[in-house]
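Got a structure here, written out as structure tokens. Questions coming.
The chains carry the letters A, B, C and D, assigned in the order they are written, with residues numbered from 1 in each.
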């Protein structure tokens, strides 16, 4: 059984177990076959067979130790030289790597996947401000390669579901997952799963609460044409009393300040609403959240987001005005991100 | 055959004729039975049978003249005294009347439906700035009782389709339509139709242009949680080169000013985005419209919107702060409305 | 407006009028666009554009008289020589013609479409035994070119709907319909319509009675893999007390005699159940019909079914064993057809 | 985890494992939640909660031995007296028991569920004539309490799926399954599963072969209004070269003999086609099966089907004419059953 198949089987078991207590999980089970087959459909994702073959070729070695509470997610693996070289080359085939980093190996046979984002910096800013994750079921919306999801497990979450519609990120997750070995929680089940699907496709039932105690949504809201629909979807995934951790691009200003870039923003397409923290607070209230706090506002720097050997495209440095790096190339304020924490009543 | 049945039959004929040239009209035809039966469903609309009986009881008199280019839509009808009294009582059963006004009758047997809005004032502000409606197919989104739709016919439109999901407005339209008689256009078909449906339910096909040369959307956008979806839906209804006439609540401010009321605005529920004219202009560009002009900005006064004998509820005067009528009771800027005109390329 | 468009428009009007009293007709209206566009879809019917062009090119001449109560459906048309030649050639483009015959023209410019079947013989055998069609709504299932449908109008039916999924038969009907002119019934509407659809696709609602006073189903049942589903569908189309006229292939035998040809029967594919009259009577009872009568049993002869100039393929003569014409080429009993008449309670 | 939940989980694992090689199994996975929740829906099945509570209350004892190759499916269970009495009473709550028998217990604490049918007699008549079940995936359509399914496991099948839409039979299966313990096949998975669903709801894909090497369909065909649709559905479940074992009621006669009872047959409702063996052979050929053999014809006796303490309603003896037991009470030939074996090419 390949790593991917083992992961998918664990996902079935987890959802089936949830369905015994939360009928909404049956709705997840119904959709799961389509979600899992879509990401393997080469008509839809031309690179899917290649990515899958990359993961399947990774050497079948169990880690000697796993660390999910360090800056890099790390699997101590006793590679021989051939395995080391092969693994390194295979992982490079899954470039560009955006969220991380990851360390696989040991001693002088260590692969350090130095990702575009030093995602640990964001995690360090967020973690002190949120409810203790111990024993919680957590959803990470738009979770990329799963870096933050692994950190959530490291912080005690009993079950983490990472969703992201990207075929590449799905396979990056599966590659990292491959080297992390069993990871079993107290029920012997894998504590972390990746579903290649977007938030808007998840089951919602207004008559039932959601499955999760904590929902993370970082770097997603500004890509949504309808922020209120996005907030409603996030709320629907939360159990009553559950916590939303929302990170998005913001601008300076008062309750009535919202930037909508006419075209691109920092060279990104599909950027819609960039509210001020004050405006975002109003939106969260309007969407029905309570106990709303802004726990961090941070201007992204090139220490945190930059091109590396594992992500060689343009990165933040190229998105800023070369004459005035307080502005993007389009002349908008340079990226600033806020983290909001709030609860579903 | 009742007035309502005659209207519905005319709608079928119009859509069928359109379908010969524009296949998207077949999609309208498919949905039409559900649209027409929904508005008669008493489980959904408790008052539907009553409203329908009101329309059915109107005396079957043809008008001696019809005027669609005056401040009030007017049907000169030679009522006898009994017919006059009965018609007046029946029309009063369809209160509250919001958009108008309407004049039915003649001499001292004249019914003047003095509506909450003097909708002629808005029409006079808009008409000089838009493309000549002569011979155009026009859609009026959220058209209420159809007042503006009748004025569009008066301004030369060959076919006007008014849509509004309100069961009451549907029957108000049918009551007025009853007294207007044949109105046949050069093809002998009725030039005006009412479909009780919301914009979001209309057929859309990104591979086909829409059916309409001009689309009006007045007083709708601020009620939509997702303004960009609303703009995309409006665009989809337009033929290439067609014109959008968009009226919505705005606030003073620059490109980055958008008011989102946390709860109610001027005592209205479900109010979302109130942009500045500058911000709205950016949104229209982002949505793919061109030739964007703001042709009117107007602070609504109690001359234009007020309680009358035909709308006795609270009106604008009650929605403003009694100490400072530059503000709403919630403390927001008092209602200001802009009219934007732009084109689908 | 072409003949086909005019026919379709008349169909919309008829169904819309029915829907005022019988809500099930709204279900027909919803499906009508798909039915009408399917038959024009050249991906589905390669010949559809050609057939349509044939009908569209027929000369626009009104008949001087129309006869629907003679052996041939006849339109007296005063062709000039060019029109006569052109019409004849165009109609020949719609070969093979199976059900008829038809006579179009006058004097020495008369086109006699001598069809494979002399369908008048069957009609003469059936008509004396069924309820008077005067003023009835009638459905003809599998009605081919519409010959019997025209005869039903001739026998007084107020509305006839012919259904048949064949694209060719649809256009044959439209070609004949073209020459028959107005035909208006007392409501000024066309009394006959063709819908290119199979019985199994018609709307059914077990909570509502069907639309028709008489349903004809001739030459269809033996092609159905599930005769009981077919009988249930026919029943669903009937009003309470309505009459079914069912003609199908039968064999000699008792209540327990049913022939199921292993492969082909008389060179036809897709032949399933050929019961005896006694067995068929049991089936009709089981299906819930009452007042069941067998009104005709007839061994098809080469007088009634034969190759002609308008149907040059193999016909009955070729389907029989050349040494023993009491048998088909496959060795089964030669075709024998029974007509059953019964009622929905 | 209850027995039922454990069974359902095993079913998920089996289907998931199949899906890795046979994509059609994903279609089963998609429908599985609806199938499993339907049978627990008390609006649909008033007794479902009661039946489920019966199964849940069975004492949690592992068997000391299990025998699936004897006349009765037998679990040797070391009951204490209280467990014995309780189990006996609970199992009696799931009456009437039709297919069996079953023996649960040991020595003088043995429960013998003496079912209406001595299903072992049929099994003995069938088994010698079919392909060796060793290592095969088997579907049992209309499998009742699962008796034959357990015997299939006893005969070596690697995976057996029993389907039957009956809520009672589902819970009878679960009760028996409860006492049979692990039963793990070489993959450690349960070799037998019950899905509460009818044949017609199973996924079919004409582009893919079915999942099963052998399909049993015993006592179902005569209840189907459309035997050819039933045969097509059975064929669709078979892999190429797979074997169908079909048992149904037959009558004496030649290729053209088919009895269709007008109303009831042996006091059963919903009985449609009873062909002769010769006619049934033609049907199987027509449906595309090959290597068709009739391996058994048997007149059901009161030794095989009779009322017992576990099925106290009327049974065969009551369904026959008391004066002439060669006939049913309705006067038809008394029940005779044939077993046909054939292959999908």
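One rule holds in what follows: contacts are C-beta pairs under 8 Å (C-beta built on N, C-alpha and C of every residue); 3 or more make two chains touch, one makes a residue touch a chain.
These numbers were taken from a predicted model, which means no experiment stands behind them.
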| item | value |
| --- | --- |
| Touch-network distance, chain B to chain C, counted in steps | 1 |
| Most remote chain, CA-based centroid, reference being chain D | B |
| Repeat of the B-C interface, chosen from C-D, A-B or A-D (over half of contact pairs identical by residue number) | A-D |
| Centre-of-Cα separation between chain D and chain B, whole angstrom | 63 |
| Chain A-chain D separation of Cα centroids, rounded to whole Å | 48 |
| Chain centre separation in whole Å, for chain B relative to chain A (CA means) | 45 |
| Each pair of chains that touches, named by its two labels | A-B, A-D, B-C, C-D |
| List of chain B residues in touch with chain C within their complex | 5, 8-9, 12-13, 16-17, 19-20, 23, 26-27, 29-34, 36-37 |
| Touching residues on chain A, where the partner in the complex is chain B | 225-226, 228-229, 251, 253, 255-263, 272, 279, 282-283, 285-286 |
